[in-house]
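So, here come the structures, one by one.
Shared chain: chain A. Partners: chain B in the first complex, chain C in the second.
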Partner chain A sequence: MPAEQALTVLVAEDGAADRLLLAQIVRRQGHEVFTAENGEQAVAMFIERRPQLVLLDALMPVMDGFEAARRIKALAGEALVPIIFLTSLNEEEGLVRCLEAGGDDFMAKPYSAVILAAKIRAMDRLRRLHATVLEQRDQITRHHHHLLNEQRVAKAVFDKVAHSGCLKAANIRYLQSPYALFNGDLLLAAFTPSGDMHVLLGDFTGHGLPAAVGAMPLAEVFYGMTAKGYGLAETLREMNAKLKRILPVDMFCCALLLSLSFQRGTVEVWNGGMPDGYRLSAEGEVLGMLCSHHLPLGVLAPEQFDDATQVLPLAVGERLFLLSDGVVDTGDAQERLFGVDRLRDVLADNRNPDLLFDEVMQALAVFGGQSRDDISLCDIRMSAPEELAPQPVVYSDSGRSSPLDWSLRFELRGQSLRRFNPVPYLVQLLQEIHGLRPSSGRLHSVLSELYSNALEHGVLAMDSRLKRDAQGFAQYYRQRAERLMHEVGGFVSIGLQVEPRGAGGRLMIEVRDSGAGFDVARELARTPEQQAFSGRGMGLVQRLAGQARWLEGGRLAQVDFEW
Partner chain B sequence: MDVHINQQVLSDLREVMEDGYLQLLETFLEDSERRLNQLHKARDADELGMAAHSFKGSSSNMGAVGLAALCQQLEERVRQQPLYGIEDLINRIDQEYLVVQRYYRSERQRVSAQ
Partner chain C sequence: MAVESDFSQDGKKLTIKVKGRFDFGKHQEFREAYERQCPRPDSVVVDLKEATYLDSSALGMLLLLRDHVGGEESDIRVVHASPDVRKILAISNFEKLFDIS
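The block that comes next holds the complex of A and B.
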């Protein structure tokens, strides 16, 4: 009877004849046999030879089989060393004792070679299965460690990318669970050259590393375009096109983008698939919602993508509260969701804005019992323009070349008026003039303001008096989008002239439009309070530029910068 | 002879043990002397039970069915106090062993003569 697999077997039996017989039966089946006369010898032999299987008489002198089985099992550790008890015990109690001591099977006397062979084979199968399970478990553990390590490294890299912006600004508070990024959550913030603040809260589909990889290109576009002074619409289009190009079909990114203009006291919003954000008064009262009106980024082809944003007034002290779906989708034991209503209760009960995040997290803990790892909260406060320290700008050139004597005229018509924003290009060009670099933020603001005035009030003939309140804002921007959709006639022309003056120089900006013009004297006579949002930005331009003139019945704006 | 020895078991043993058959017979005979000794010298029911249990196991392995049955009777009997009348059972085991011993000795002779 040849064995399928030769094993090393320990036979412990106090009866000399039984021991002789059993050893011979096992040996004839092809296994290697060690023998012991009592429990103590059996344990010693086990330590010495590490047999793969043990046949153990239950009742032996010196140390009985039960005690020997316990010790052998302890010595074997995680490995399965099957123990077959040799016994003619008939009573249930004795058999139970065998199992409790760690026995895996019984074998009654008189011994049957056939039954013993079958039992040894069965135990060997069990032993191998157990070894395979252990091996696979160890393999999984190794893979798991490996994965965790990769995640740690990736997290360190991602953290650098995600936190290179201005999330530390005084008006931003945020809370993200430690591995939120690996659940696809992404929070970015950066200043534009004109001092506006762009914020993105995103949520990629999926979990783990795949959900996080999209964060890199998205952050790159966000920071790059924000730093160059592009508006939300251009940035959104670029982000959508990039994600559409690189992500697999089933992957996309829900996102809420904000542009806070501290100069104008407005916030521009685009929400594609994120939970509603909240516009809160200084006291925490809900003033309005930032609802999703779009598909997430990376879903639509560039031609179909809708970059229409919403512009809302936001007074100093008013706040925006953003959150990821991990908050409202936290489930309790019955799989009920935390939901928007409970969140609004927390918002309503909040008295101290500093405690809002804690209160939200506590409400989630009370509701769900266990915290999710994909929770992002962000609270952004509108500050006065002078409150935020200006961002130092880093220039990459050596600072030698500085063209000082040139002029250009730039005229935008038709299609270009719809989509193209010339301001970032012009500001970048003007950065070549070193004397203007300290004013690049102001330059950006002034050019943006003059350009949008020329486009909106000039070419599109929009009435700025609409922007009296939140509804007016909405109506104004809806109208703007509608008018841009149709054939746009007319033009906006931007002229830049640079000339040297002693050690410094002068930049003259002219922005002309094809519109009907306006009553400049009357508009200028209005107080800043009267102007508020509807003042064609004249107060803002004057404040930032020093020398500003409106000529040709309001159709031409002239601004000078000197250095 | 069938009440004492199961011939089928014995022929299986011959086949399994091969050259070790003679040694098995000798070992059993020596071992049995020790077991009988233990039976007679047992000081309490537990010791008696242990000895009967072991003797039952080895006799059954050797095909000594009559001896194994008597040992089992003894093993069961010691669990019920009082133990009077138990000497009679031990005597019957002694008698049965003499038969078994005689048989295995002749078997040993026969094998070693071959």
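The block that comes next holds the complex of A and C.
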């Protein structure tokens, strides 16, 4: 038996002899005793001294025990103040009244000191149990508030990072459950310097904080590399390597990445572990799927990672519809899943793209699914290049111009042609020339175009006429990957020359390749319609640069920029 | 037990059976199924015959198992997966890491 804890006990009994006797018994057991002669005094004494336990005679003058019990219980509030009724009532009804008035136990007169001591101990156990429960409940409530507050702050910080991109662009619509981040969902979008748009929809394993922590480094890599003009493959390799390095083995991130080129009317896709995305016509008809062909990010070591992307044509007005697994995995009461077929029904029934999200959410509600907090929907429309104005780049340097009289030339061969993309480095370097900064988007586009022409049509001898339709695109890029895998002979050489001219200056770009060249005059004579996807991007280069020439049988391209 | 493990006579092959929902709730049991035994088994069979559902934390647990028995060099077969379960494994392209049948 643990040492008995001394309690404060109120004894209310109108009979003076009984009151003294009781008080004495209780005091001898080591408790502190206050006494009252009737119900009214008992209530007053309770207010004044807040005793921990009350012995209450049922029948007293002025205010009886039943009324006093009701008032004391009301005053005690949430705390349990056990009341033991002292009664000579023997009939059942009287005893029931004691309990109904709020009594916890009763004791028949005449009093037995032993039984009274046992009852006080039992009531004390109950009292302490109750206090523990209340304390733990309050603790849980405090922790919960704390957690919610932390999530709110973390989300606010994260939103600043995640939404620093261009999710607000006119061609993007998205819907995310408010705390989707804490279920591992992530949606990012940003413009590249050349005005392409990169979009990432990701889903980390697990729930809660662990699922959210990986989002920050991923967003950093995504925005950093997109802003510098890196392509999807390089960005993917970096994200995978970073996540592999920092995440525990059982955590990874399913992701779908897109690069929309408004200039070329194409979209490049990589899907590792996300549900199928949809390519939709302007009318909402399903044209094709963006299926998962890869392991999620953060699973494979950098050497094993597969950055192969798919390139598809995407005409103005056509759309891409992406979703997280929270949609198709929503289950009803019988644990049936919403599934892909029901989703496709919603897509088929959709008439107004503006209502698609509402219709999906409506269908989930009708399906009777438990509402899940990890639903992300994203709808991206291909728009005409002039429709979107990318945000101007903010430069963080001192604004002092660097020397304007230099040239450089470098040549890429073999292995370097397979993986290395020189364009971001060159654009970075050219940013040092302040007069060129307003043209950095155009510069990026022109350099990218000239470099990929030299590599694909020159060194790899790819036939651009393949790119007539979606199948041709797939074939073209498969062939490109195959040829790159084999020993690559030849070279691409890039020369930059900068010279001052009055207040401004001139940049001359030369891109030369080791390929067989092409019939420049015939290629230039083709109309833009004939060129479309299958041209060598010559129209695009001329449109962006103004001054463009093809020499040496198409093996050398020259472009000038002046400022 | 929702996760059962069974070693072959020579102790070289471990069979782990998962029953019901294979999700985060099985984390502890699943880890214990392969961590208890020393030395490590040469090959592992994960039997999903009675698994009804599999979520992304289950995929994470499979990766932990793979790491435990040798990563790249591991020999893990995932057998008897239902069509639904196979679909989930296929979306994440886990057949590139595991022998799934």
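Everything that follows uses one rule, which is that the second predicted complex is superposed on the first by the 531 of 563 C-alpha atoms of A that agree within 3 Å, B and C clash if a C-alpha of one lies under 4 Å from a C-alpha of the other, contacts with A are read in each partner's own complex, and residues count from 1 in each chain.
Please note the rule applied: contacts are C-beta pairs under 8 Å (C-beta built on N, C-alpha and C of every residue); 3 or more make two chains touch, one makes a residue touch a chain.
Owing to the predicted nature of the structure, the values given are computational and were not obtained by experimental measurement.
A.B. asks: Contacts for A:F34 in the overlay, against chain B (first) and chain C (second): which applies, first, second, both or neither?
C.D. replies: Neither chain B nor chain C is touched by A:F34.
A.B. asks: If you stack the two complexes on chain A, which partner ends up touching A:C254: first (chain B), second (chain C), both, or neither?
C.D. replies: The answer is second: A:C254 touches chain C but not chain B.
A.B. asks: Between chain B and chain C, whom does A:Y477 touch in the aligned arrangement: first, second, both, or neither?
C.D. replies: In the superposition, A:Y477 touches no partner, neither chain B nor chain C.
A.B. asks: On chain A, which partner's contacts cover more residues, chain B's or chain C's?
C.D. replies: The partner that reaches more residues of chain A in the superposed model: C.
A.B. asks: For A:F561, using the defined touch cut-off, is the partner it touches chain B, chain C, both, or neither? Pick first, second, both or neither.
C.D. replies: Neither partner.
A.B. asks: After lining up the shared chain so the two structures overlap, which partner does A:H294 touch, if you call chain B first and chain C second: first, second, both or neither?
C.D. replies: Only chain C; A:H294 stays clear of chain B.
A.B. asks: Counting only touches as set out at the top, which of chain B and chain C does A:Q24 meet: first, second, both, neither?
C.D. replies: A:Q24: touches chain B, not chain C.
A.B. asks: Under the stated touch criterion, which partner chain does A:G15 make contact with: chain B (first), chain C (second), both, or neither?
C.D. replies: first
A.B. asks: Which residues would you name on chain A as touching chain B in one complex and chain C in the other?
C.D. replies: none
A.B. asks: Quick one: which bits of chain A touch chain B in the complex? Just the residue numbers, please.
C.D. replies: 14-18, 20-21, 24-25, 28, 59, 88-89, 109-111, 113
A.B. asks: Given the complex with chain C, which residues does chain A contribute to the contact?
C.D. replies: For this pair, the touching residues of chain A are 203, 205-207, 249-252, 254, 272-275, 292-296, 299, 325, 335, 337.
A.B. asks: Which of the residues in chain C come into contact with chain A in the complex?
C.D. replies: 24, 52-53, 56-57, 59-61, 63-64, 67, 84, 91-94, 96-97
A.B. asks: Which of the residues in chain B end up touching chain A in this complex?
C.D. replies: Residues in contact with chain A: 9, 12-13, 16-18, 20, 23-24, 27-28, 30-31, 50, 53-54, 56-58, 60-63.
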